[in-house]
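Chains: A, B, C and D, in written order; residue numbering restarts at 1 for each.
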Amino acid sequence: PAYQAEFDAKVDAGGYIEAKDWMPESYRKTLIRQISQHAHSEIVGMLPEGNWITRAPTLKRKAILIAKVQDEGGHGLYLYAAAETLGVSRDELIEALHSGKAKYSSIFNYPTLTWADIGVIGWLVDGAAIMNQIPLCKCSYGPYARAMVRVCKEESFHQRQGYDLLLTMMKGTQEQRDMVQDAVNRWWWPSIMMFGPHDKDSVHSTQSARWGIKRISNDDLRQKFVDATVEQAKVLGVTMPDPELKWNAERGHHDFGAIDWDEFWNVVNGHGQGNVDRLAARVKAWEDGAWVRAAALEYARKQAAREHQAA
Amino acid sequence: MNQQMNSPEHIEYVTRIGDNALILGQRMSEWCGHAPVLEEDMALANMSLDLIGQARMLLAHAGKLEGKGRDEDQLAFLRTELNYRNLTLCELPNQDFARTMVRNFLFASFQVLLWERLLTSSDSELAAIAAKSLKEARYHAQHAGDWVIRLGDGTVESHARAQAALDYLWPYTAEFFVTTPADDAVAAAAIGPAWSELEAAWEALVLPVLVEATLTVPARTPFKSFGKFGRHSEHLGHLLSEMQYLQRTYPGAQW
Amino acid sequence: PAYQAEFDAKVDAGGYIEAKDWMPESYRKTLIRQISQHAHSEIVGMLPEGNWITRAPTLKRKAILIAKVQDEGGHGLYLYAAAETLGVSRDELIEALHSGKAKYSSIFNYPTLTWADIGVIGWLVDGAAIMNQIPLCKCSYGPYARAMVRVCKEESFHQRQGYDLLLTMMKGTQEQRDMVQDAVNRWWWPSIMMFGPHDKDSVHSTQSARWGIKRISNDDLRQKFVDATVEQAKVLGVTMPDPELKWNAERGHHDFGAIDWDEFWNVVNGHGQGNVDRLAARVKAWEDGAWVRAAALEYARKQAAREHQAA
Amino acid sequence: MNQQMNSPEHIEYVTRIGDNALILGQRMSEWCGHAPVLEEDMALANMSLDLIGQARMLLAHAGKLEGKGRDEDQLAFLRTELNYRNLTLCELPNQDFARTMVRNFLFASFQVLLWERLLTSSDSELAAIAAKSLKEARYHAQHAGDWVIRLGDGTVESHARAQAALDYLWPYTAEFFVTTPADDAVAAAAIGPAWSELEAAWEALVLPVLVEATLTVPARTPFKSFGKFGRHSEHLGHLLSEMQYLQRTYPGAQW
């Protein structure tokens, strides 16, 4: 119909669709899935880093870490708000997370085992996230695009802080350097996998590209990330746990080893106790807080009634 | 800064204010990712950040006053339990959201009054810290006070929890106002008020909110806690074993 | 009547009353109160020391501490069993503890703040307990007397272990010695108060003495404890926090300062958050365990039914 | 003792068995004073004591094999998290009594089989430790197995809790039997079995009890934990910060 043509034209011209605009139902659904998954990832992502807040080694690092985790909560908030413009409530989305219906980035199922993990998450995980997210700052859905501009700005800041933490540790004792290398060994492959399946195996990409939700392919983004990160690793003085990783002058890119997709799908599909523990922590927080939310509602109701009576 | 400004009492006084912020900031930070709603995750993280920021300024200042080269981190992470000077109230476990919010309200209200008085401290550094921190404490007291009212005047369950929290915490507030030799010396030097001077003003701040929250204020009992004298509850040691872990495990490392 | 005369004669002759024997109702009540209070003290007493089990500094000390706390549980068990011979159930007694109706030794309301407290509790608190308890090994009620024989033997062992712990610390660093002195400063007066009010203010003593439940007075026991402990403190190299403590050659005993009975009664009467926390911990353990006890009963019922059916 | 007996694989193998006992013993000890009935306070303390006793013998032995002068306490208290070799299962929080008992049952059954095989170890010290520990493990397996049956075949609530505990813990038991290079070397030297050899016997011990307990045994998933390789869960670090506190805070002190 005419609506569809208008929508297509706007998207093709690189314009923004707004909440009040007509949009295809599958576009709406795809966006809700993607935005809420992203929001859930921010919220669940508070847990692995939150695990080290009480043990941060200096007050400055503690403050930086709390601020970072707080920012992630903030990202969750505006992403939920962006999803809500599409006609779904935050409570519905959270319910889908808790029931296991909705997914979140499986990277957050991995445990944070040492303080170096905090730096490596900032450097690699946030680094990979930024690569994934920068194209979304120009995605076709306005509220999402605007949320992503803010998210990306803060993520870059986090990435620099993570890298700075690692630089400090690498200038420290041998034990600290070993800790950093160990963390890189554990997080490198999961970070690489954050870009999702190879393009040939990716389900959603074609339609999403058409809609301007996904402008660059998984493999291209992954390559970009690897190329950028290898240089940073050299400065840092760490080695990636991939003997096949090397510069390919012909391609003008780094080659790297084959990804263990079994591991990827096991983690994505929740065959991991990390997934069980993360969800359990979120559900516990939600259930423990039920009486607080109920109290806030009841107080608001009483207040409204009192004001009504006074009027 | 004259000689009198570096008295042990002065150092202890500043350390005590810093330890309150440090230990309560640590407790607040435990909520991060586990609050009842996302907005409270943010708010609690924010208050934790404010408190840790205050602790950094205060402990750095205490270290300078002391003049032994100890920086904020050495003071925060490398003392043993009997050398922390925080109020016992600050180290108690968070337990539920009601106890967390009632505590924040009781403590932040006290902080507001303290910072107000410290604006005119003869220790100009302390006065500058007070100027920065007063706004924060006012926000904390407002935020927690709003929740105390909402919980107290909310559902049957939330009222019961808020009342239980108040009953549990109230006896620890007596410690705020116990006189100490350090306070007298500090007050004499116009560095800051003896905390006992703040009791009436604190009650005037706190009681109306508790009344609006429909809560019953417990009677005072003879119980006294002694955290600010370095005699704590069993809770502080556990908090410290976690907080100090990395500094203790890798002595001298830079982070 | 004849029963009463027989009872009196047996008690006066230093014989033992057994569970099946006739006894005056007030004797039974007094014993139930005293034995259950003692049992409760053992159970609540597991908490302050239990607080340091996970942080014990060596594996040997950890094992000693666990074994000690376990012994206290054992004492609780046979004291409850002794009380049960008087026609009251363990559940009733526990209910009285949890509701605050029954008391326990207020010494266990004090917090254990450093590792030295573990040694000082063994030395001073168990030491005082033994002084109180040795006369009970010959008390008129057989089951109680026999329980106390076993308790006293184990307590002496605990006391030696506590003293040994302190000796090791006193041979250590200045920080360790300071820790011991600080613990002595905190526990000395509460230990002295464990012997209860002065004889002139003691409610229960006269009748209890007549019954052979209380053979030595509070003040005599206290004096004995002070005299013994002062010598041990010298060997250890610590000072009691009492400037008036000194040898009185005329009396052949140590004089000591006035006891702060306000503090004593505040703690005894539960005007302390220590009391609140200890009871809360016991009640929580009991309530958290309700489903376990229910399951054990239900399984036993099912098993009995199955055996009945099979027969 | 010949040269081969001091191989790194041998040391790692003994350390791993010692760390299992140490870390689970630490977890058990947390129950002390908080169990559902006094008899279980005693029983759990008893098992904790047995395990810590085993840990002492094993770590002392590992230290001797290593030959660097580290004693049981240096090994227990002065390693960092990545150097502990215990099974991940042993470090998981106790949570409720059901999870505690199901874990004890799954682990003690494994220990029974391991000790039986170690009775004939070519490492005579290890064989002696096995002789002492086997009885203890049999008692632990019996005690916990009885509870698993009681809880599984008890009330609706206890059944649900026991099943939830089994569902949660079962994936971690896969790690028991994962092959490791150390195991192969140790088996070749007749020091002890490769743990993968014990899987069938373990299932034969464990499954009948779970069936009697009316519990459903979860299917195996691809999940693997890696504690025995030094890659742990997030729980171990917290356990260590508490356990190591005094040794870290007062380095070199005698206790």
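Definition applied: a residue touches a chain if its C-beta (ideal position, glycine included) is under 8 Å from a C-beta of that chain, and two chains touch if they have at least 3 such contacts.
Predicted, not measured: the structure shown is a model, and the values here were computed from it.
Novice: Give the chains in contact with both chain B and chain C, ordered by label.
Specialist: D
Novice: Determine the centre-to-centre distance between chain A and chain D, using the mean Cα coordinates as centres, and give it in whole Å.
Specialist: Inter-chain centre distance comes to 37 Å.
Novice: Chain A to chain C: how many Å between their CA centres?
Specialist: Here chain A and chain C have centroids separated by 57 Å.
Novice: Where in chain B do residues touch at least two different other chains?
Specialist: 80, 237, 241-242, 245
Novice: Two or more other chains touching the same residue: where does that happen in chain C?
Specialist: Touching at least two other chains: 55, 175.
Novice: Got a list of which chains touch which?
Specialist: A-B, A-D, B-C, B-D, C-D
Novice: Within the complex, which stretch of chain C touches chain D?
Specialist: 43, 46-47, 50, 53-63, 66-67, 69-70, 73-74, 76-77, 80, 115, 165, 168-169, 171-173, 175-176, 281, 284-286, 288-296, 298-299, 302
Novice: Mind listing the chain D positions that touch chain C in their complex?
Specialist: Against chain C, chain D makes touches at 22, 26, 29-30, 32-42, 45-46, 48-49, 52-53, 55-56, 59, 72-73, 76-77, 96-97, 149-151, 153-155, 157-158, 161, 242-243, 245-247, 250, 253-255.
Novice: Provide the residue numbers of chain B that touch chain C in the complex, in ascending order.
Specialist: Residues 80-82, 168, 171-172, 221-223, 225, 231-234, 237, 241.
Novice: Any idea which chain B residues touch chain D in the complex?
Specialist: For this pair, the touching residues of chain B are 80, 237-238, 240-242, 244-245, 248-249, 251.
Novice: Spell out the part of chain A that touches chain D in their complex, as residue ranges.
Specialist: Contact set of chain A toward chain D: 48, 51, 55, 111-114, 175, 179, 182, 186, 262, 266, 271-273, 276-277.
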